[in-house]
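For reference, chains read A, B, C and D in written order, and residue numbers begin at 1 within each chain.
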Amino acid sequence: MILEVRSMSKTFGGLKAVSRASLSVGEGEIVSLIGPNGAGKTTLFAMISGFLKADEGSVAFAGVNVTGWRPHKVCRLGLVRTFQVVQPFPNLSVAQNIAVGAHTRLRSRAGALEKAGEVAHAVGMGDRLDMPAGSLTVAGRKRLELARALATEPRLLLLDEVMAGLNATEIDEIIGVIRDIRQSGVTILLIEHVMRAVMNLSDRTYVINNGVMIAEGTPNEVTQKPEVIEAYLGHGASERLEAMGAGGGHA
Amino acid sequence: MNGFAKSHLGWLLLAAALLAVPVFVKSGRWIEFIELTLFVAVLGQGWNILGGYGGQYSFGHALFFGTGAYIQALLQFKYGVSPWIAMWFAVSGGVLVGLFVGYLSFRYGLRGSYFALITLAFAEAFHVVARSFISITEGGRGVQLALNRDPDQAIALFQFTFADPFLKSYGYYYVILALLMIAYGATWWMERSRFGAQLVALRENEDAAEALGINTFRTKMAAICMSAAITSSSGIYYVQKFLFVDPAIAYGPTKSVEALFAPIIGGLGTVLGPLVGSVFIHGLSEVTREAIDAVWGARPGVDLILFGIILVLVLGFAPKGLVGLAEAAWRRVARGGKAQR
Amino acid sequence: MDILGLQIPLYSWETVLGSAISGVFLGSIYALVALGLTLIYGVLHIINFAHGALLMLAMYAVFFVWHFWGIDPYAAMLIVVPGAFAFGYALQRYVIGKTSHGRDEIILLVTLGIAIVIENAALFFFSADERSVQVPYDLDGIDLGVTFAVYPELFALGGSLAVTLGLWLFMTRTDTGRAIRGVAKERQGARLVGINVDHVFAITFGLGTALVAVAASLLAPTYTVHPQTGYLFVLIAFTVVVLGGMGSFVGALAGGFIIGITEQLGRLYLGESLGLITISAIFIMILLFRPTGLFGHKT
Amino acid sequence: MSNDTKATRYKLNRRGFVKGAAAGSAVAVAGIAGFPHIARAQAAVKLGVLHPVTGFLQFSGGQCRYGALMAIEEINASGGIKALGGAKLEPVLGDAQSKAEIGAAEVEKLNEAGVAAIVGAFSSGISLATTQAAAKYGIPHAVDVGVNDKIVGRGLENTFRFGPGFGVITKRGVEGLIEINKAAGNPAKRIVIVHENTTPFGSYMAGLMKKGLEPAGFEVVETLPHPTPNKDFRNIALKIKEIKPDVIIPSHYYNEGVLFLRTLQRQRVSAKGIYSVLGGASSQYRFVNEFPDAARNVMDCNHWFDPGKPAALGQRKKVEAAGKSYSYEVFLAYTAVKWIADSMERAGSADRARIIEAMASSTWSGHFMPYGATRIVKGQNTGAQPLVMQVQGSEIEVIAPSGYATRKAVFPS
């Protein structure tokens, strides 16, 4: 197991956002984390990557106990996250943005920029290297977010809804990119609402609701589980689930 | 990015022009004018490192100027230390103050207006301390250094007012030019280094920077140290030239404001910004003053009214500073050229 | 008394109490100056560096109204306060709003630029001479035993309480007040609901300037006016605003009193000069440990 | 740059400079447009008038400039410099913006404008920088106010001060107090000193006063420093109330002076006497007119004119008729300019070096200050001294030393 999360909890002002949640990810896997809005997915990500201090529980990454580490330290060990709301460096160019990630492993500026170029090509934005990040489209920003994370040479990538706000074609392209990333040996844990992508990509899926892990298994297994359907139905998302599930079947 | 060599050439030409200023400027008045402009450009580059590149706006950069000036003056005044040795302590002292203020502010995560206000508060606290602990700082009397009138001692005592004709006329110019070149060289290097890239990244988005493996606290600490070192070095020049410092000169708000004006007007987070801004500000204030004097006679204040109005207008029309304005104009020209082709 | 080598002078309780009371009076002045600043900060998130210059300008206005027409400085409010409102409104609407592009560092410089213009215009038109308003009741007042409270001080104290109350009522009971609060809380949202945000900003700045004019009227019988008068209060006003919590009126009032009393006692014991370090110390401590201030909310 | 300042030579320099650094030179004719009729006179001698007329010293700087220009106008009206064939004085104005470095830069400007001498620069801090810069070019520099004793006597041949420095002022201050106390039967013993501590002026003053008073049998019970600017004096008033000194000695600038004396009055703090040394407000007519009650019987050891000289009283009328306050800045700068003009007459030349010589050996007595004939030692006019005044009724009367006194001191009051 490259990532072991053991019974993590977080309370915000009396509200339990995450409650004794555990999960694990094996080397080379793509694992997804799904759940309705406000279920605690992003909070869990933030705790794993060091942005939030957990009330209890532990995170072990690559055999190292990283509980309570600051994000930059976690990143240097090889665990990097992206943000649900993309956080580009708006006044920097695409190349400069990605180079910031590359600098985590490379001291030289020229080397980092060169690496940025390579990564940009890998995620399909090699033609936009000199554009200011602030002027990218939503899809472009999502790719940039991915590229920047990738440039840090992670062993595990936490992707927080990289497909939100994209159209069908763009989603297909990103799915391809993510596959390639896994191919290159990077393990991936992703939060996703786009069920088509979840069904398509994931080896295993965790379902979280109200801060509690309610299911774990292959995507097909978990979507059959009554408690999962209930969780979504409870939030009035049954149609969407149906539609998504059907879509996934087609692909 | 058209031509690394081209931009290199520009820098060399600029440096050569500045080095050669004494060849074509013979006027003491204009040398003094250029000196003051470069002095503020150094002060401003210090601010620019932290504020322009790092996005941490300080309102209290007098902290570093004042500390540099005081240490430079006091070591000579009290212990007869050579000014050439004192200057290293002056810069180190500035850096220590930077470490202290930076540690407290960044450890507690102060950003934006809060960081601005805490630096303001620290500068004021230092002002009060400099005024009140007379046994250490001489208090409001200030520290006045003995004037050297022996030309043979000019270099040893770092005082050029009564040196040989060349040194007398241009000695301090080369002092401030040397400080400028060190400061701008360091900034130029920084802009092309990992440290610079990480500093800019955290200015743009601190969370994203942290997620990408940047130790934002340490990067900010490094920035404030570099910033303090540059700004405090301008205090050395000030003391050696004017041989006097008091609490208001050192820690009053004037230097803090001068330090931030130049880079913001010139262009935040650009190597040349503070210099361009300082040239603009000093040129503008000189022109407005002379113009008002010429057409209207001496009217204290009118030149500054005009200066203030033009300043606000420039801010309105060039929010990215003069360097930004020039870049935009250049891009337009370049695009126009391409379209014609 | 000697504590850790530091000589602490012992004063009679009358002196200490008198000093604390003087802190209350001083604090009321701080609060008056800080109210306008905190209002502007709370809504526009501007650190208004022209605040001191505006105070100075308003004090001149009060002085001239008194000088030329013999109008008592308190009565002068009826003229000066609306004028200040209009001036502040125009300043935000047509200068700050137009030139700042909504960027903090630019706004900062614009307000600094405005301060330079106002200050030097005052120097040019009014000269650097110190001016004082002389009122017949300057020396009358109430003997509190330990100290004597003259009417101008009592009026300033009453004024600070009344203005805070009035401002609170205005913000909670009127449509304009609610609009201002709405904009302060959620700029984007307010825009969507159809509130003219630029207008509200300008009204807020106008109100802040009007408050400065109230402060000027209440200060006039005590202080001399010259183009640099504003500097006396600017830094303190920032401290009060931060201590009270940026945007909080009650905070500004309480902050004013706390700073006033602390400063006076600090100056009593540490000396008039070093005693001022208490203000910087409070400022730094609050920024580090409680940046939202005593009455502020998390943003 | 050459030290030679003959007008022709200066013009050459100027042209050379225009060629060298053309920027802004078209408007470089600084500050003469206010006096265009003078400016065009061929044989005019340029005189640098350098003060902080903007920034936080603007009031005093402006007063100085006013006094200096008044002297120049008078000299020109009465036929200019006679030894130079009636050459007019042409003021070249400089603004130090209340900053030492700007003061020094202005000296460079004045040098290139070809001034024969400089008068300035009010504050000690700025004067230190301007005298030093002027020394580079051998420009005679008369310091008008700048009471710091370290301005003169640091070996600059070009630097002169006509008025008194700290040392003399405090010495006379102590002597005056002893004299007044003695005449009243020595009722005063316990003293409180209140002084500003933000600028060299107040900080030095307090130390020197204490040193002078204690050997004379006074007891300095408490020294209370305060910053400039200062908002509130109630604490100090309360402390004084508790200490109950016989005499209060304040030393600060005008604003603080007004606030302090008014606070004492409001807080009903009384002493046998308020005896300020370089008090900001105590011997200012403006203060006496506006707050006669707070000013009542306040004594002050300060720069003052010889009340026996009608010229001084005439000037006062003129200044007040112009709506200005007749303050020490005005007559000190005025006298300094007159002195420079007299030295030009003696030198028979506008050459900088010859003016310096003439100033150093000056025996001028045509002024209205209580200094006697000028005698310069190391740049300082040794005869310069302050007087002790007291506000009596609506007038400021001289009460010590007895040779100049117009009234007897009201003490204890």
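The rule is short, and it goes like this: contacts are C-beta pairs under 8 Å (C-beta built on N, C-alpha and C of every residue); 3 or more make two chains touch, one makes a residue touch a chain.
On a predicted model such as this, the values are computed, not experimentally measured, just so you know.
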item: Any chain that touches chain C and chain B; value: D
item: Centroid comparison with chain D (C-alpha atoms), farthest chain; value: A
item: Central subunit by CA centre of mass proxy; value: B
item: Chain pair with more C-beta contacts, A-B versus B-D; value: B-D
item: Geometric centre distance via CA averages, chain D-chain B, whole Å; value: 34
item: Euclidean distance of C-alpha centroids - chain A vs chain D, Å; value: 75
item: Euclidean distance of C-alpha centroids - chain A vs chain B, Å; value: 44
item: Distance from chain C to chain A - Cα centre to Cα centre, in angstrom; value: 50
item: Chain A, residues touching no fewer than two other chains; value: none
item: Chain C, residues touching no fewer than two other chains; value: 120, 123, 128, 271, 273, 276
item: Multi-partner residues of chain B (each touching 2 or more other chains); value: 128, 131-132, 300-301, 304
item: Set of all touching chain pairs, with the criterion as stated earlier; value: A-B, B-C, B-D, C-D
item: Chain C contact footprint on chain B (complex, rising order); value: 51, 57, 104-105, 108, 110, 112-114, 116-118, 120-122, 124-125, 128-129, 131-133, 257, 260-261, 264-265, 268, 299-302, 304-305, 307-309, 311-313, 315-316, 319
item: Touch list for chain A against partner chain B, complex; value: 49, 51, 70-73, 75-76, 80-83, 87-92, 96, 99-101, 103-104, 106-109, 112, 130, 148-149, 152
item: Residue ranges of chain B touching chain A (in the complex, touch as defined); value: 1, 192-194, 197-198, 200-201, 204-205, 207-216
item: Residues of chain B touching chain D in the complex; value: 24-33, 36, 39, 128, 131-132, 134, 139-142, 144, 146-147, 149, 161-162, 168-169, 238, 241-244, 246-249, 254, 283, 286-287, 289-291, 293-298, 300-301, 304
item: Complex interface listing, chain C residues touching chain D; value: 11-12, 14-15, 18-19, 22, 25-26, 120, 123, 127-130, 132, 134, 138-139, 141, 147-148, 150, 223-224, 226-228, 231-233, 264, 267-268, 271-273, 276
